[in-house]
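Heads up, the next two complexes both have chain A, just with different partners, chain B and then chain C.
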Partner chain A sequence: MTDVVTPTASTSRLRAPRAGAGPRGGRGRGPVRSTGPRHGSRLTPYLFLLPGMVLFVGLILWPIVQAARMSLLDWKFTPGVSSPFVGLEHYDRAVHDPVFWKSLVNTGVYMAATVPTQLALGLVLALLLNKAIAGKVAFRVLYYLPVITSWVVVSLVFEYLFSTSSGLVNHVLHDGLGIGQEPVNWLGQRWPAMAVLSMLGIWKGAGWSMLIFLAALQTVPKDLLDAASVDGAGKVRTFFSITLPQLRPVVAFVTVMLVIGGFNVFISVYVMTGGGPGDDTQVVLTYMYKQAFEFLEFSYGSAIAYLLAIIIFGLSFAQMKLFKYDEEAS
Partner chain B sequence: MNRPSAGTSLRFVILLAGAAVMVVPFAMMVATSFKQQSYVLTPDLVPDHATFDNYVRAWTSSGFAHYFLNSAVVSLATVLLVLLFGSMMAYAFARFEFVGKKVVFYSMIATLMIPSMMLLIPQYFVARDLGVLDTKSGLVMFYVAGQLAFTTFLLRGFFAGVPRELDDAMLIDGANRLHIYWHLMLPLARPALATAAIFTFLGSWDEFVWAVTIIDSKDNRTLPMAIQLFQGQHGTSWGLVFAASTIAVIPVIAVFVVFQRFFVSGLAAGALKG
Partner chain C sequence: MRPTKTLSWLALGGVALALSACGGGGQEPTTDADGNTVIKYWHAYSADSPELKTLEDEVIPAFEKAHPGIKVESVPYPYDELHKKLLTATAGGTLPCLVRSDIIWVPELAQLGTLAPLSEEMDDFDKIAANTYDGPLATTEYDGKHYGLPLDTNTRVLMYNQATLDEAGMDEPPATFDDMRKLAEGLKGTGDFAFADNDTAGWNLLPWIWSAGGEMTDEGMTKASGHLNSPESVAGVQLLVDMYKMGEIPDLITGAQGGTETAVGLPKGDYATMLDGPWMFPIFEDQSPDFALKTAPMPAGDGGSISVVGGEDVVMTDSCPSKDEAMQFIEYLLGDDAQKAMAETGQMPVLSSLGSELTDIKPYYDTFAKQLQTARPRLPHPEYPKIEEILRTEVQKAFTGDTTVQEALDSAAQQIDPILAG
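== the complex of A and B ==
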């Protein structure tokens, strides 16, 4: 962490009011636009960037490249042992791996359940909260609480609520309402477990969409809404003709982020089912994690991670095109 | 205010029902943390024979005081370094023209789209090669790197809005760039720094995956991984597990309630400018 000192010491030495006369200032790459009275040096911005860039390049950019390399090699994790190049072998293995497909299907199911629901709930809650109403701040805090709480904690809470013999949910359903012969074994079967995981995802995420929609609703021009009501448009009509079109870039943003978030589902599955029973509730990231850190199949894990990244980028790009996000945002 | 109309009342009732759904799991967590072991498997919201015992045991014999301290040290170090490095980068992006500016800036923004877990495997080996596996500095370094892009993006927007005349006035008075950054930009950016600090704090306080991947020794555990491992070993000690969980959640709620307004501005910056 000695990087912190470097720019401090060096920049103060560059104090002399000579234009571009730093030690390595005149590298002959043509005139650079001056950004103020003749002070500082061409080196100055790089010194400000240095400590952050060291971390960013070393711990983020390099691993991105390294993940690609590892997925194409038969990675030997012992230092000094060379890793043979195997091309797309690991990708081929993934495509023919039924558990990988199962994890992809489960992730897809999770997204189909959580993304539209969070979008709709977030929008409805934001609309309800966008008027003067008693306890507005309290509601905002309560709805946002699950968002900021650790995934580990909320996963454990849901595991407890849905536990078979004594959970609150089975207690209400079975003992209270008399539904079903036996208490439901929620986390021990594929689809009930996926349902619980999805419910947790929705419960934890709805407040996030709400807060973003709430912020966006402030930006809908008031005179447009007034004009609509003067013209006799009802509330529903105003919403669909004025508010929703105005919100389009934000809806696009939230959708993209929710889809990315859906692919990122990991901790809840890891904590609540561990991908089981069998591999029935495995999602892509838990499967990747299992391959890498349980079976030490680091190359195969990297290939799975890259496949996931490609899917995410493809989908995000398609959604942005679909929403014409670029034009709207800039 | 006007007298509530039927519509307003309906709206209030719906919001109240929603709030109940949000709160019940937390209420169960807190209720269970006050239950004696023989009562933890009863679904009561108000425990019979409530006890504070779970908190005492979690804090002392189960070691959560130590894990709490680890989480605090790691999170605070992360926040300080992210603010320092992020604001320096943001200042460079907001006030200088230099070769490679666009490439660097947009590559940082692009990494915001990459799921952090995708980098887990190569990062593990980078950490191994740097010799920081199973250390708190290994946590801090990677947390800082992971949070830099967002903070830089947030602060750059803020710095760009500071009138250049202020810089120029200070330059004429003989100040250098470092001076401007430290005595002009940082004080003006306090609200944006607060926003970045809060998001960074929560991000590292709640972080689980990286911690559980690189930390082995009990001494270096942070709260989320300690809670998860504890539950794995003592499956039915829900009272203890939720006492520890409540201890972990309290700082988060405190930060959120106190700094609420900064959340909205941070989210809005991410959502409406991004």
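== the complex of A and C ==
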């Protein structure tokens, strides 16, 4: 579960496109056919594939199939006890479960707050750090540092920062600047808590977008930029007419990954609010976890997981269509 | 093209088949390099107090010396993790032989078929059981059989900081609900809190509900409506919510993390009172040696001064491949030596034969022994963890002000009823 949360972990599945590789790319498709004598038997490639395949089947495919099966059964916890088939009952229950909807709304809010901000922030940082400024490398490292830091650690740090009575934020806001009558109960109320969770998500994720955009900026053809400047285009005009269109497939890629990452928010919520108080900050994955591992309703948990998968799949598909990702990227 | 495709599907199927064949199978007895039988013992003894050290450096070595050929491997987990770990190990078939289980998990584990009925498997069971207190022994019973033996017992009493009480002009610890309200009034504006607790689970709420004269269900555990949401139960929770709204209980109680912990805030004087168990004494001695911890009975409401029984049972799993050796260790844990050694660390013994020596071992057991006379156990129901989570979640809504206490308990009772009906 932890791996899916960070957008970085999923990058390998979606090939990062080369910026500006669009219509002019013209790469050859498919593997190059070997014309020389054949080495080894036909089994050889499969033997090379086997280690990766074992991991993929055992750790990803097998659980996916099991979860699908579980979601259609009234799955019993104890080994050896039979689990009756109940069809779509658990899916029906989820659709009529107000807490599930609340968790979906919270997830949506988190996504709406974090995705555009990370995109914009990542792009701005990338543009700034693409210039020849002093300490460029140090800044790049600093901004990327949150990305590789453990979610649990930064969640705990934020928890202490935003603690009501002894947190640094309230100390500065309330005790220092004298804002508000009472110290803000950040994590004990729905919207303030969602705001803190979103802030953490943005802070932790912006460096990743920055890195991808930085890489993409290197591939914007210099001759185009030179041509623009010869034609008298200013910095703003150059950015909107040359750089941004060249970055389009990368923007599409980053958006899709961030949306997937946003839907998979789990650790920060689990650590900082546990979905509370009173289910107010429950997101889909924490609610699924609560049903499965606290209430032992593994079938219901699996059904929730599948509903989330369907939503993510639908959204990603729509985005790819919207950005015409396939045609641009391949 | 075709044969290649078939081949790849075959390979995929083969991998899947090989993997699915991995699970299952009975457990073999574990032995170490010297041929000793190894018994795994899962527990949640705390490393913050001398508990863990006493178990690993005193109790287990003494047992191993007296029983050559048996080694006990102690595996500590954080308390919150142990329950989840037990459930996943049940599903995965990777349970240890022995577990020190919170008394509230035993009916659930017994119902899942995880535990071996000690009353049937252990020859000396009746003899050992007869020497334990009835209350703790009852927590091991499910469906007419005993699935374990009590290991330690405890209850929560009021722990207070007299210096903070002085600020509110109180010479004596609060003895009633009204005193608690007076304390809260008296501390207003000082920045200190009248009371602190870190959750709204049964362990935290039930002393207030019971002391107010309320209850969770009827006696037969068939219905929560009319009991959990009775005016008395509401009054118990209302006291806490009122004090929270006055700003006299810190956010900790709604599950907000990162604040000052109860065990830190009490000696510092930030918190005037808290409810906790005897294991806190060694922790305070270690962390705040200058603080004189004082205890008093749970403040009384209309229902009296009624606290909650806690404690742990030692249980043996049904999948244990070395049951005889495991039962020898259980017997040792229930003996005088082990019970006295653990009593030094705040683990209250369960042997009635040690009753008179209790205050000689540690004088602080006095308040706890008295409170235990009226203390009540939480619902001995196999789905108690789920019932408690519903109560916890609903009551949090009353603290945040989304609902009234009455509405919160109405909603909790309504959700708990179908679970009790089965």
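In this section, the second predicted complex is superposed on the first by the 293 of 330 C-alpha atoms of A that agree within 3 Å, B and C clash if a C-alpha of one lies under 4 Å from a C-alpha of the other, contacts with A are read in each partner's own complex, and residues count from 1 in each chain.
We adopt the following convention: a contact is a pair of C-beta atoms (placed from the backbone, for glycine too) under 8 Å apart; a residue touches a chain by one contact, two chains touch by 3 or more.
Since this is a predicted model, take the numbers as computed values, not measurements.
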Partner chain(s) touched by A:78 [first = chain B, second = chain C, both, neither]: second
Chain B versus chain C as contact partner of A:137, first or second or both or neither: first
Per-residue touch tally on chain A - higher for chain B or for chain C: B
First, second, both or neither for A:63, with chain B first and chain C second: first
Chain B versus chain C as contact partner of A:311, first or second or both or neither: neither
First (chain B), second (chain C), both or neither touched by A:294: second
Partner chain in contact with A:272 - chain B first, chain C second, else both or neither: second
Contacts of A:160 with chain B and chain C, given as first, second, both or neither: both
Chain B versus chain C as contact partner of A:187, first or second or both or neither: second
Partner chain(s) touched by A:280 [first = chain B, second = chain C, both, neither]: second
Chain B/chain C common contact set on chain A: 42, 46, 53, 58, 61-62, 77, 79, 156, 160-161, 165-167, 271, 293
Interfacial residue positions of chain C with respect to chain A in the complex: 4, 7-8, 11-12, 15-16, 19-20, 24, 84, 87-88, 90-91, 93, 112-114, 247, 250-251, 254-260, 385-386, 389, 393-397, 399-400, 402
Complex interface listing, chain A residues touching chain C: 42, 46, 50, 53-54, 57-58, 61-62, 77-79, 81, 156, 159-167, 182, 185, 187-189, 271-274, 276-280, 290, 293-296
Parts of chain A lying in touch with chain B, wherever the complex brings them together: 1, 4, 7-8, 11-12, 14-15, 29, 32-33, 35-37, 39-40, 42, 44-46, 48-49, 51-53, 55-56, 58-64, 66-67, 70, 77, 79, 125, 128-129, 131-135, 137-146, 148-154, 156-158, 160-161, 165-168, 171-172, 203, 207-208, 211-212, 214-216, 219, 250, 253-254, 260, 263-264, 266-267, 271, 285, 288-289, 292-293, 298, 301-302, 305-306, 308-309, 312-313, 316, 329
Chain B residues within the chain A interface of the complex: 1, 8, 11-12, 14-15, 18-19, 21-26, 28-29, 32, 41-43, 81, 84-86, 88-89, 91-92, 95-99, 101, 104, 107-108, 111, 113-115, 117-123, 125-126, 129, 141-142, 144-146, 148-149, 152, 164, 167-168, 171-172, 176-178, 181, 202, 205-206, 208-209, 213, 223-225, 227-228, 231, 238, 241-242, 245, 248-249, 252-253, 256-257, 260, 263-264, 267-268, 271-272, 274
